[in-house]
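Lettered A, B, C, D, E and F in written order, each chain numbered from 1.
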Amino acid sequence: MKGKTPAESASTVTLVMQLIHANSAGFIHGGEIMKLVDTTAGVASMRHSNGRVVTVEVDSLTFLAPVHIGDLVTLDAVVTQAWRSSMEVEVRVKREDPRTGDQEQTTTAYLTMVAVDEDGRPVRVPEVLAETQDDIRRQREANLRREERIRIRARLESEA
Amino acid sequence: MKGKTPAESASTVTLVMQLIHANSAGFIHGGEIMKLVDTTAGVASMRHSNGRVVTVEVDSLTFLAPVHIGDLVTLDAVVTQAWRSSMEVEVRVKREDPRTGDQEQTTTAYLTMVAVDEDGRPVRVPEVLAETQDDIRRQREANLRREERIRIRARLESEA
Amino acid sequence: MKGKTPAESASTVTLVMQLIHANSAGFIHGGEIMKLVDTTAGVASMRHSNGRVVTVEVDSLTFLAPVHIGDLVTLDAVVTQAWRSSMEVEVRVKREDPRTGDQEQTTTAYLTMVAVDEDGRPVRVPEVLAETQDDIRRQREANLRREERIRIRARLESEA
Amino acid sequence: MKGKTPAESASTVTLVMQLIHANSAGFIHGGEIMKLVDTTAGVASMRHSNGRVVTVEVDSLTFLAPVHIGDLVTLDAVVTQAWRSSMEVEVRVKREDPRTGDQEQTTTAYLTMVAVDEDGRPVRVPEVLAETQDDIRRQREANLRREERIRIRARLESEA
Amino acid sequence: MKGKTPAESASTVTLVMQLIHANSAGFIHGGEIMKLVDTTAGVASMRHSNGRVVTVEVDSLTFLAPVHIGDLVTLDAVVTQAWRSSMEVEVRVKREDPRTGDQEQTTTAYLTMVAVDEDGRPVRVPEVLAETQDDIRRQREANLRREERIRIRARLESEA
Amino acid sequence: MKGKTPAESASTVTLVMQLIHANSAGFIHGGEIMKLVDTTAGVASMRHSNGRVVTVEVDSLTFLAPVHIGDLVTLDAVVTQAWRSSMEVEVRVKREDPRTGDQEQTTTAYLTMVAVDEDGRPVRVPEVLAETQDDIRRQREANLRREERIRIRARLESEA
């Protein structure tokens, strides 16, 4: 199975935030952003694995700045690392004020997606061929986050 | 400001999963569950703080078992701990097969919500009055997770 | 077939009413509440009958108080009585002002649901085991409402 | 205030029922039909009263035949009678098989709508000028249904 | 295969435009109107061809006047002409101010729909039996528009 | 007012097509694609004009190949030409089979958008600075399409 670079599966979505995505105070729901994050991560991981995927974990989904009605929101998804049948996808969310063109980072999320066959059983995925400096940094951090996930669960279980 | 017990703000939602929530393989989207998790956490934290809230972080949202079309899904949200203007909410998601009544845990999520005024500025929230053994355990684990969040960010920044 | 108590199949949903559910004057559409009522009655009757259900009649769906954007709405569904293959479900709808915690009853609906097999043919349902005073009162009123439904149709047909 | 005939405010909607409106067995949800019924009754009563309306009661909403994915559904709404600030609207729902053009009546609903001003207070509505034999029959039956509604509530309250 | 008059397949939809259809300035999205235009054209062409249809071209979809939240929108679809397996459908969109009953034309669209079998292959459709003066004018203009479509593509290709 | 290149305002969206976008035969609705086309054209024209826009015409929206559930759909919007207060936007729609990565062009649409102020009145927009060979070709074709639009309306009016 031939590996793929992160650039080959990277995915982008830009949308205008509307009344339908907002609460009564004009702020876009965190839940709406989460759904878009999951959708965009799904596209990148389907492109990397050439098949079906399911989301198994979302860790460290932070909202650094609120998003408002009328903002443009851009989601950029990139596969950071692949293991046997799982992939980590980083999704960066920017808001952009259309009147000025100013952009700011609002959310960064890391999702673990698993490639599955028609019956939902895990299948092998291609390895990630890190080419650029950014690719290599993302791959290293993905490995660190994975270690942390394993360590935290162990600690919580021992202290519970 | 008078404290509140977790029971006073606890919230529940049970829904049937439909075609509209599923991908073409009949699995319910992770993103749909995330949106329901955010909505239910919103209700519990609005009840605890008597006002508006925004989601600032979701950490450790895991999907232990896939959800299918026709399943009943129940979300139970409870405020675990409150700090100055922020609250941690635990949302447990169960799936239930309506033909047998069998239930299994599918997702557990921890969200940090901040209470805000009309202009989006943080406001004080009541403390959490832990009464039962479960209340006390949840409060202790909430404090541990908060420490971890702070520690992980520091480590990633130093190694980046 | 073993009977079930109303408590075994009772279902609850709490949601925040959003812009998406409202007309341009900020009132929540009656039709949105109706859809939630049907959904919640569906969950309770699926739990009672362990299978598929279809709605065959909604009678006396009243809206006692308007619901606004930002309100919390709680729907409580309980199976009141079962006949051969049909069940009556009562759905009570409360609105709650999150700033004060005050609640008021806004809607009460009675739905007749029929349990069906894969081909849509009616199937037998368990009887309702009324345990509490409330269970017994609801069962008696369900029988009265059923008599009224039969009587009204007869009168309208004779006078038409 | 000049009266209006039922024909002046009558409203029609024809739609194709899609996956989005159906449960996992391919039946269209009762709740979807209810929402369309409320929407169509809203259009007819807005045309009769030249303003805003709220739904205050739906009585006798029956589903005579199931609706399937791919069916055409036509809703015809007509104002049957008007009192001080309230109107009764009849909504007839037909399903149509597009392959044969065959139609059958599936639902008939009677809704009480109240005309309101910007602050939600009831306002006077024009009287209904019954012209045709059908107009006169509908007006007579609307009066009977109103008497029944008042009588049923009294009986249930005395027996409760 | 027996022909059909335009009146036999004509379709109508009237809806109230809501917050959910609008941008943050209160204008209804062009895209929402387009979706309704496609839906209503679909009903008329399904009735003409007694089967499945797919949209293959929309030409000259103009928005003559903006639509606002609270407006009533009426779409009238009529099949203008049929060729081997394709049909042209005209959809006229009116907005209506419910406070005054005033109506104005806001959009006129011409769609080419093709009748298909279960596998998506084109099938023959009945001819259009033009009866009224309007039917005959629409049929003549449909033929002109079809010639233009063919001519424009040729010119753009030669100049590209 | 400084001009902008097409690259500065170009916008992209990639989505997975789901059950919610499809008819009962598994084909994605033309109307869903139209709505996405309008949304993506809206983002590009908001970026070009730094403000609000309304859609005034869609001409030549063709569907060259059907889109199915499970396909990835990518929309690329680019501003081709600007006049006083109006812009033409080209939106190219590709479908991609995630199992093979194969792509094919399915739709090309040309939309005329007008920049408006808060009261809906047209405002001036920056000129389009065509840089690449593609930019220049698109600008020339935009001018041709505009002439055609004017000429066709004149001919239809004289022959009507």
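Definition applied: a residue touches a chain if its C-beta (ideal position, glycine included) is under 8 Å from a C-beta of that chain, and two chains touch if they have at least 3 such contacts.
Everything numeric in this text was worked out from a predicted model, so none of it was measured.
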>> Tell me the fewest steps from subunit C to subunit E, where a step is a jump to a chain it touches.
In response: 1
> So subunit E and subunit F: same face meeting same face, with over half the numbers shared, or different?
Replying inline: same
>> From the C-alpha centres, identify the chain that is farthest from subunit E.
In response: B
> Would you say A-C or C-D is joined by more C-beta pairs in contact?
Replying inline: C-D
>> Counting only Cα atoms for the centres, state how far subunit A is from subunit F in Å.
In response: 28
> From the C-alpha centre of subunit D to that of subunit F, how far is it in Å?
Replying inline: 40
>> Roughly how far is subunit A from subunit D, centre to centre by C-alpha average, rounded to an integer in Å?
In response: 46
> In subunit B, which residues are in touch with two or more of the other chains?
Replying inline: 16, 19-20, 23, 39, 42
>> Strictly by the criterion at the top, what is the full list of touching chain pairs?
In response: A-B, A-C, A-E, A-F, B-C, B-D, B-F, C-D, C-E, D-E, D-F, E-F
> Can you name the residues of subunit B that touch subunit A in the complex?
Replying inline: 23, 25, 27, 29-32, 34-39, 42, 52, 54-63, 66, 111, 118, 120, 137, 140-141, 144-145, 148, 152, 155-156, 159-160
>> Taking the touch rule as given, give the residues of subunit E at its contact with subunit C in the complex, in rising order.
In response: 16, 18-20, 69-70
>> Considering only the defined contacts, which subunit F positions touch subunit A in the complex?
In response: 11-16, 39-40, 42-43, 46-47, 50-51, 72, 98-101
> subunit B touches which residues of subunit D in the complex?
Replying inline: 19-20, 22-24
